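Shared between the two complexes below is subunit A, which pairs with subunit B and subunit C, respectively.
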Partner chain A sequence: MQNSHRKEHLYKILVIGDLGVGKTSIIKRYVHHNFSPNYRATIGVDFALKVLNWDQETVRLQLWDIAGQERFGNMTRVYYREAMGAFIVFDVTRPASFEAITKWKEDLDAKLTLANGKNVATVLLANKCDQGRDVLTNNGIKMEQFCQENGFVGWFETSAKENINIDEAANCLVKHIIASEKDMLQSEVSDTISPQLEKNGGGTCSSCFRSHHVLHP
Partner chain B sequence: MDSQVGPQVLDSEVGPQVLDSEVGPQVLDSQVGPQVLDSQVDPQILDSQVGLQVLDSQNGLQVLDSQVGLQVLDSQVHLPALHSEESGDTTDLDSVRGSGDQSRRADCSLPPEESVAPPASLTASPPGLPGVMDGVMDAEGRVDESRLRTYILKNGGVCPSERGLAWRFLFGVFPCSSTAAERPLLAQQMAVRYQVMKSKWRQSLPAAVRLRLNGTDAELVAAVRFHDQRQAAARQQAEEQREEQREEQAEEQREQAEEQREEQREEVRERLSFLQLQAQVLFERVTFDLDDLQEAIRIIDKDVPRTDRDLTYFLGEGSGNLLVLRDILITYAAFHPEVSYAQGMNDLCSRFLEVLDSEVDTYWSFSCCMEKFSKDFRADGLHRKIVNELWMCSGCEGAVNELWMCSGCVAELAAALLRELDPQLHDHLVTEGMESFTFCHRWLLLGFQREFEHGDALRLFEILSCNHLELISQQVDRARTTPAPAPRAVNAEFTFELFICATILIENREALLPVPRRRTAHPLHQQGTLDLNSILQNAETHFYNYCKRCARDFMNGCCKPRDNKDFFYQLRSFFF
Partner chain C sequence: MLPPRGGAASTRDPRRTPQEYETESSRGGPGSPPSPRQNVRKNLAFEPLSTTALILEDRPANLPAKPAEEAQKHRQQYEEMVAQAKKKELKEAQKRRKQQEQRCKLEESIGTAVQIWNQDILPNWTTLCTSRRVRDLWWQGVPPSVRGKVWSLAVGNELNITHGTVENPSLWSELYNICLARAKEKWKSLPTPTSNTEPEDVGSSDRESSLELIKLDISRTFPHLCIFQQGGPYHDVLHSVLGAYTCYRPDVGYVQGMSFIAAVLILNLETADAFIAFSNLLNKPCQMAFFRVDHSLMLTYFAAFEVFFEENLPKLFAHFKKNNLTPDIYLIDWIFTLYSKSLPLDLACRVWDVFCRDGEEFLFRTALGLLHLYREALQCMDFIQMAQLLTRLPDLVPGDRLFQHIAAVHMTGRAGKWPQVLQTLQRDQERSSPVLKR
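Moving on to the complex of A and B:
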């Protein structure tokens, strides 16, 4: 483990949510630093890789951009496999996409758990915040409550177009992934990995949960 | 629903006999005059004049390309007003079809805004170029389907100027068995039916007639404007045509044949109102689940602007075509509730619209194509396509189209094929956790549309739609098994499509093998960068070698076939 060269991590991260909420745009912004108003609809799944320097270590994020149409739902089990974290995205200008959030979260938790039986770290993204905040208006506190009730480790208002909060959201997710990975390593006995189902009493960091909400009063 | 609307049924309902004997010739006679009719009836005239054909009609000399000639006659039949304008342009297939559309617009007394888009261009390609339709159409204009498919495979597709015509047969807008005399009537029926279908959902959901704009996409706003302008122009044109016809009529009144003409015009009108009545009766019983349809429209409205707008066809004023695409997709979703709309259909349909440049023909070819594809687009179909559920249709052996439909559904087979062709690469992908072959998903669903440069993607789509290699593998099998049926030597489920998949993987072997997964996002995540010619060649070689190996294994393994030499000879002859 303690090699002389930099330690590398590879994490598979899912980006899910209703169609047209901006999943592909967020990934393009995050990985390629650009934005185009007319991407093509994602069919099946697309992939992108983001490399981060993280505390003297290298973190590679393999981002899985999953098509938003509900009817492809059967496929999600295949796509979710071995993911370590997820973004669930909705469009702040379209309430229906917010309502779909719980469906996506339930689908994710039902089909994917970590080796220790826990759910993967999931961050909620309220995208297109440059276009209005219909869904969020006077809703800040409720959002935090919503996240806690639904098992999100944090939420961010983002804009792929204006590059708002995307790096921050990714950092938050990575922090939680690393925490949950440590958590799993600790539960490792000698050289066999056995899933530990004991409760770990809310060991996840809640700091990033609060620190990023400059936008709401 | 499918079976009621499908062109196959068009066939049987308005069977050729009816067209030929009752309606067809009279209509031809009435509008184009006896000379033209004669030339159609007499195959010798058409046969003998390969290349250019000169017809003496009322409007003076018209130079017709022999291959398209019959098509051109179609448009003449309905469009006397356009004769003089078009006499020089008659070889351009799209304009030929396009004018057919215009004629339908003029004839079908439907409101002008219901009519189809006018052709993007009326400019002609040089006449008399030999092409795919040479030797594929017989004197009456019937198409030899197997020769058409063979041509497409052997030549790696047809040239772009002939694509429109070839696709109309390849994708079943017109049955290959239809004659040139029947096609205008079929076309008319399809146009009437489509317009009735489109008005039906428009009446049910008036709010959805127009695309809702959120104002942030200036290009889309312009697209709507172009579309509206075009429809206004079409309306005006139709009005002018009607005016012209009225004038013509007044003039003709002085002519001797007037009485007879009037009678026949009456017949045309009667036929049209019959077609409309028939269509209305056909679709009267159809009811929509408005919630489902509205949801489909919402997704269509999301996806239509996300169609590849960089294509020339959708650029500038062409962006109005996005709205045409929208109408086609909604009409399809409304009348195929079991399929409705699925993401990716916009890409598939836009290909047809671009090639055929006709709203009506695009709708029908798209529906035909969806008959094959719809299983993939349905949730369970998609699941089946990827996940370990090897799904086989027992009833489809023998029928090439169905075979393709079934086996094309199984991406699992791509993995199985790769295991046959390159076990090392297959095992590597499996150990790297890619055994579900999710990356093949989009390749298969969209027919590799995004993996190749646009022109190449069209060509490949055309080649794959021929199912020709599948046909060969069946012939190989038949050659081997006649007279006594035996276990298959060749796995007929390995379609050419899957060979393309496997070949892409093998071509990128170097990139896939040594590189651990962590180094790259996905080694095959490269859009529009693959070289079609080399992939095609290699896929064909893989296919040939695979057939050969299977045959040899089979012969070494079990009973010796009667005549090895004969078998290999046949195998080779299928290729060269």
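Moving on to the complex of A and C:
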């Protein structure tokens, strides 16, 4: 992660959320471009690697698919270490999985901070949006507000099954990771020049807040 | 020798030679003068039937005829092809015969083993189960038809869960019925979407109740077998065994991984026996440590594993250390599901056989066997590659080779045998696996 002169970035990304919300399916869709209704439950942690071309640079995403049962919490929290970003997933058909979101987020922020003390970029995924809409996510303004209040850099209604918004969500997360990395490098040591990413990617990204139904209050 | 089915000539009459068809379909029709290929036809009359799939067709009528020389060449090529096909067929027949013989031999040996287990060993279980002869036979794998019985006996029933009688083995366990009835009551009273979101102490109680988690996990248990999913023949059985367990042991509840263990037992035992074996199996110290997610005890197990890892595979151990690949990353899945999720099911059952014989130690020995089996590949991999390989083992883990590698693992080291090492580490909690230090 530190070798900024080489045009390659490796980011560890966590995928967390309640049991059965579709974390593995989202990763399979994103990395292997397929979907099966028959994934086995994840025990512990599974891994996937996604390589992206990003502005003439290579971005490797190391995806950590972490088992959702709360009981595993104590042992899976060690996997948060050194992550640069996270997806927190809920299932739009199960309100309880949405109510758990704040807990996942608080837990993440409590156990993981970047070198500059900031929280890692986190995108909220409202998965299984193909299975009928839910009151929660139908209300774009509320979700927007929810994200801002809870420190999410963006949210997306996704469907691993129908391949909706998965790539978009990942791009949003990567953009914010790169921005926060740049931010960190700049604030780190002022006499080292980091010849990295002169592209527009600074600070906040309002477009990411805007998923497909944007309603600015 | 059987003619191949569904070939080009499968709808044709195999008794007729290719040329007969050819003649009929050629421009001249049945009345045309005899073709110059008479000699070819004669030879072909003795070819094996299946080669009738190879047919030398005339050129379609709307194209100019081939020059004689070319036609001759093609005939020759055709004959060569036929000869080759015949040779291949012979070879395949031989191979089939050999496979058949091997299968017969295997079936015979399984048959003998079944007899030995049923007539010799099982009736004299308590005296024979520790004998050298039985232990050796056990290592080879228990035949599927006696597997359930052997597992039940080996796991035992320390919990004294009431059991069906010998005269009426299908009689369901009383306790099982009581627990199941209780689970069913709870299922009925479950509101469809629950929103009890107040549990403050993370880790002791789950947000969603055990009974609900079971529902989510059942269809994700051996999905490829299509028998535990909604509508499948064992869906309700798996549901019942897990539900009954959470009512029997509310202190443990449902923990992911259990569905796989219960499923394997259901595949090998009657429902009530599966429940008894399940409850007793989970009551073993190692399983209790893991399913109660007793973190410090789990770390002790991982540390003990690392002691034997370092002794057996020092080079690979150093490589893992260098890459920060801690044992929890791959062991959690293996231990929680007793390998039933990560190994092919028949191989997992073989691991269970010896696990029933040797206890928890064998789970860690199997892990070392797997690392031993893949050590060369692992040695050249980076963190993510290793993690991916170990958390998703190849679909075809070679069973016999794995057991050879497991056999090569030494479970007596400088610090003693597994139980001693574990005990020492348990007593000396400060000494910890690298997991604790991070």
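Keep in mind that, in the parts below, the second predicted complex is superposed on the first by the 188 of 217 C-alpha atoms of A that agree within 3 Å, B and C clash if a C-alpha of one lies under 4 Å from a C-alpha of the other, contacts with A are read in each partner's own complex, and residues count from 1 in each chain.
FYI, a residue touches a chain if its C-beta (ideal position, glycine included) is under 8 Å from a C-beta of that chain, and two chains touch if they have at least 3 such contacts.
Not measured: the values here are computed from a predicted model.
Chemist: According to the stated criteria, A:Gln69 is in contact with first (subunit B), second (subunit C), both, or neither; which is it?
Modeler: Both partners.
Chemist: Tell me the contact category for A:Asp107 with respect to subunit B and subunit C: first, second, both or neither.
Modeler: second
Chemist: In the overlay, answer first, second, both or neither for which of subunit B and subunit C A:Gly20 touches.
Modeler: Both: A:Gly20 reaches subunit B and subunit C.
Chemist: With both complexes superposed on chain A, which partner does A:Ala41 reach: first (subunit B), second (subunit C), both or neither?
Modeler: It touches subunit B and subunit C both.
Chemist: Have a look at where A:Glu8 lands relative to subunit B and subunit C in the superposition and call it first, second, both or neither.
Modeler: First partner only.
Chemist: If you stack the two complexes on chain A, which partner ends up touching A:Gly132: first (subunit B), second (subunit C), both, or neither?
Modeler: neither
Chemist: Which partner does A:Glu99 contact after superposing on A: first (subunit B), second (subunit C), both, neither?
Modeler: After superposition on chain A, A:Glu99 lies in contact with subunit C alone.
Chemist: Once the two structures are superposed, pull the subunit A residues common to the subunit B and subunit C interfaces.
Modeler: Of subunit A, residues 19-20, 37-49, 62, 67, 69, 71-75, 78, 81 contact subunit B in one complex and subunit C in the other.
Chemist: Write out the stretch or stretches of subunit A touching subunit B in their complex.
Modeler: Per the touch definition, subunit A meets subunit B at residues 8, 10, 19-20, 37-49, 60, 62-63, 67-69, 71-75, 77-79, 81-82, 93, 131.
Chemist: Quick check on the complex: what are the subunit A residues that touch subunit C?
Modeler: Residues of subunit A touching subunit C: 18-20, 36-49, 62, 67, 69-75, 78, 81, 94-96, 99-100, 103, 107.
Chemist: Using the touch definition up top, name the residues of subunit C that touch subunit A in the complex.
Modeler: Contact set of subunit C toward subunit A: 193-195, 197, 202-203, 206-208, 213, 216-217, 219-224, 229, 253, 255-257, 259, 293, 295, 298, 328-330, 332-333, 336-337, 341, 384, 387-388, 391-392, 435, 438.
Chemist: Residue numbers of subunit B touching subunit A in their complex, please.
Modeler: Subunit B reaches subunit A through residues 214, 216-217, 219, 299, 302-303, 305-309, 342-344, 346-347, 378-380, 382-383, 386-387, 433, 436, 438-439, 441-442, 445-446, 450, 517-518, 520-522, 525.
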